[in-house]
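What follows is a group of structures, each given as structure tokens.
Below, chain A partners chain B and then partners chain C, in two separate complexes.
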Partner chain A sequence: MNAEVMHRLMVVDDSNVIRRRIERAHDLPGIEFVGAARNGVEALEMHARLKPTLVTMDLTMPEMDGAECVEKLVARDPELRILVISALADKLTAIEAIEKGASGFLCKPFTDRQLNDALRKLITG
Partner chain B sequence: MALESDVAVFVDGVLRYFQNTVQQAAECGTPYLAMDADPETSDYTGIIRIDGRREGMVAFTAPKSMLSVMLMRMQETDMGHDNLCDLVGEIANTLSGNARRDFGAQFNISVPTVVFGRSGPLQYPDSTRPIVIPIHWRNYNARLIVCLKD
Partner chain C sequence: MARFTLVNRAQWLPIAATILFTAALTALLAYGMQRASRLQSASAALQLASELGAQPSLLRSELTLIQRGLETRTYVGDSLRTVATSNTASERSFKELAARINEAQLQRDAAISSRLNSATASWQPINQQLQALANARSDQLYADSVSGSALTLRGQQLKDAVDEVLTAQTQQMRVLTTSLGELAGALRGAVVQNGQSLRSLLLAGTALAGMLLAMMLYFALRARRSQAAARNAQHQVENILGTVREGLFLVDREGVIGAAHSDSLASLLHCTSPAGQSLEDLLRPLVTEKTLTAATKYLGLLWKDRVNEELIESVNPLNCIEVSLARGQSGRENRYLSFMFRRARDAGDYLLVAVADISDQVLLQQELEQLKSSSDSQGELLLQLLRIDPQQLEALLVSANQAFRRCNALLTAPGKEASKLREKVNGVFRELHSVKGEAAALGLEGFASRIHQIEDILAGLRAQDELSGDQFVPVVTKLDDLIGYAASLGEARERVASLPQQLPGPQQRQTPSGGDETVPIIPTLPSAPMQAAALESLLKSLAGEVSRAYSRSVQLKLDGLQDVPPEHANRIKDICVQMVRNSVAHGIEAPEKRAVAGKPPGGTVRIKFEHADADNYGLLIEDDGQGLSYEHILNRALQLNLLRPTQAVEMDRAAVLRLIFHPGFSTAKTVSEHAGRGVGLDVVNAMVRDCGGRIGISTAPGQYTRFKVLLPKSATLQSSAA
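Presenting the complex of A and B:
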């Protein structure tokens, strides 16, 4: 791993297009993309293997949804910072995600700049 | 919520989606009620089922060429069938999910299903008529089909 890399990013989303977009669009120094999962079950398995320090998390997914996965990941690793990225744009959903342990919330559709701003807040906040 | 308000929620969502995702504005044509309850679908159709306080479905249907150019605008290099299905489902998911801002958290959405090709009519709730919102982007035409019970 590069000595300057301070954060290891895992992307969780059931959309391949979104996973690849986040992988391409993040351009903050110190963040290394380490892997992507298609649902909560895969995310839990990959977390154990890849040891990410940052996660972007969709909510509406098959197998295990994002809210349940956030809860399980934070129980396993309280230091993990999770940015929920979801089309569910109501305040209640955002509050529930934060209560389950997420560190931030970004609504789809997002611009590259909004993504990087949200990731920056996550690692500096 | 009145029909006009329902339509406005989805029109706003369409405009926001194109502006944020492909950084080019789309235009919405005049929405209309489908008189025969069977609006024409295009090459790819993403469908979201709605339940909770409102019931019904939201579908986004678009030609392959339009979805391919959208992927290019998103810097995606793989314009294959799987990614086209993925994109059309994600658009339907995003437009439905965004509507919760106005319809409330009891507006529950499914994961998307995708239909390829003009393979027959969509399944609408009984005694409803779909609202069709025409979408124009560059030289392409797509439709958002919204069918919700009151």
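Presenting the complex of A and C:
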């Protein structure tokens, strides 16, 4: 759409399947997929390297709590837009992540369309 | 902000206008007072001038009297005093006149000042002469002699002085009279003018006072009107809050519920006075600790401006909560409540909260889902009927109809006494329960579960201490539904009966040792010569029925079925029936969707039987439908908790596809109800594995799904219903 505004997307998820689904969803115009991390520690390490502008993050991951990871990433880059993904039943974690600076929420399970909508909102909102 | 400005303007305008009008009126009155005192002075001056105007003639007549008196030698003392007094008074009057004219600010008036000056000038010499005259003594004016009375020297002097005044001052007095007359005229003019302007001022003042009064009336009226509007609005708000079924209230930053809330709030939350209580305290007995923590944090989030409304709404932990509320003296009742939060900070630092009882919606939703799962689609119903002995089905429907008639008779029988009602409950229960047993034995789960629901209601009625006729309404409604279902079953049975004649019934099957409880999955086929034709006919009819039920257009292509060996005949029939149903129902897309994908509107399902290799037969079932979706399968499996996300990570594509054979995958929603029905892919899988065979799947999204079944040639003849 607009070649000047290219968002760099990093996926943080411990599930291969969901990771691949999100990677595939990057056919959204204006989003460039730059990398995927399996856990919070990896996400922090990769963030320093890849400098993403968008992050999708599963909130229940090994190594580091998702909300904690959100907090650390936002501390590094306050402009970073993070879409947190969690199960419907676990709204507390989602609320905590939003408190810590996440900009979007997607509830599992989700369809490709819901994912695309959430990513689009993340860019425009 | 704009609203506050408006409020201020509305408040300040009457005050400012009143002040302005009052100031103007005060100024006008002050000026009027000044004009009035000038008018007063002018009037006094006019009076003085008029009085003075009469003095010259008075003086003249007195002087003439003195003159005559002296001539006739009479007493002139009185007249002399009068002249003296009059002279003094006139002198004083002149001074006062000048002072009044000054007071009336008429000294600048040329006409008045010139006349005053001229009158004063004429008066001065008269005054001096009169002064001298006034000092004259009135005794010893005459001396009596024989020739009569004669003037003494003093008398003569007095007479000379009087004569002189009379002759010398006659002209002056005339001038004086004229001047004073003119002065009086000018003063009269000034008085009239002053009076006129004073009248104008009074008129203006009256008008101003009238305007002020009108304005005050207007503002008073407006205030009354806005008060009435405010009262009306308040009344309306009270009405709304009293009528609305939702609990509406405001919550402040401390989480405390505001004083104004809808009446229904108390009943929704089962508390006596929610106002002033904290929302958290109200929620504590209703929700789990975790939900309460989430709710508290969520309230905190609502105050954060940076978080947008939509995002906040998506994580609302209270949008649908199940709460257990005390009902009556014992007993509790489970309800579903939905809380909605909106920032309403324009009206102060508050959140607007709406809480609604959504139990009806939630229960309806649940019921719909239940109905959806229990009411089989036409295709599934047909499939079900295909595997039931028509005679048994006929017998069931006959006995069911009899039972329904007896139930109706029981329910419509007279008798409202408790014992009669109790008899009715038990009678209907007995009638239906036996039908339920029969239906369940034939595997008609939908039928059985419908009866089960009625039994639940009846059991509820049995437990009641007191019964009334009204309580039978749900029983009658559900019974109607059941009768309708039985009728649709009858119709479906007729459609199955109209399938081609060569389709054999189960009575023809050749089971060597078939016990009574062995229910065949599908009517068993006869031996070799007839079987291929019968199977083809069965599958084509089935494909037709299922595609009608699902609004699909499907062409069935069969190949090599004549080579099916007898030992696999039943198995292959069962597999094909399931696979054809599956392909038509789930594989082939609706014609319009196919058109979008650039496919011909009619789908094709191909079944091919062959000798795959030396050891195996091959059965290929292929459709050109939408293919299997890995994501869909994975999501469904995750949703159904068939596997954990960590397992999903490890899976390759083939493993993902194999999930569809998982028991409970294809008919997951009804797995308990339909267990043993044998319509799922897991049953196909089990049948294949039982005889030592294998199934392979390949698929391309949007293009095809292909099942390849390998069956060992060495398999011994088994009952497919094993």
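One rule holds in what follows: the second predicted complex is superposed on the first by the 115 of 125 C-alpha atoms of A that agree within 3 Å, B and C clash if a C-alpha of one lies under 4 Å from a C-alpha of the other, contacts with A are read in each partner's own complex, and residues count from 1 in each chain.
Everything below uses one rule, namely that contacts are C-beta pairs under 8 Å (C-beta built on N, C-alpha and C of every residue); 3 or more make two chains touch, one makes a residue touch a chain.
Quantities reported herein were computed from a predicted structural model and do not represent experimental measurements.
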item: Overlay on chain A: chain C relative to chain B, clash or fit; value: clash
item: Partner chain in contact with A:Ala48 - chain B first, chain C second, else both or neither; value: neither
item: Touching partner for A:Pro109 - first (chain B), second (chain C), both, neither; value: both
item: Chain B versus chain C as contact partner of A:Met61, first or second or both or neither; value: first
item: Which of chain B and chain C A:Asp14 touches, first, second, both or neither; value: both
item: First (chain B), second (chain C), both or neither touched by A:Ala75; value: neither
item: Chain B versus chain C as contact partner of A:Leu92, first or second or both or neither; value: both
item: Which of chain B and chain C A:Met6 touches, first, second, both or neither; value: neither
item: Shared chain A contacts, counted only where both chain B and chain C touch the same residue; value: 14-18, 21, 92, 107-109
item: Residue ranges of chain B touching chain A (in the complex, touch as defined); value: 16-17, 20-21, 23, 71, 74-76, 78, 82-83, 86-87, 89-90, 93-101, 104-105, 109, 111
item: Chain C to chain A touching residues, read off their complex; value: 290, 293-294, 297-298, 300-301, 304, 307-308, 310-312, 314-317, 631, 634-635, 638-639, 645-646, 648-651
item: Interface residues, chain A side, partner chain B - complex; value: 14-18, 20-21, 24, 60-62, 86-90, 92-93, 107-111, 114
item: In the complex, chain A residues that touch chain C; value: 14-18, 21, 91-92, 94-96, 98-99, 103-105, 107-109, 112, 121, 125
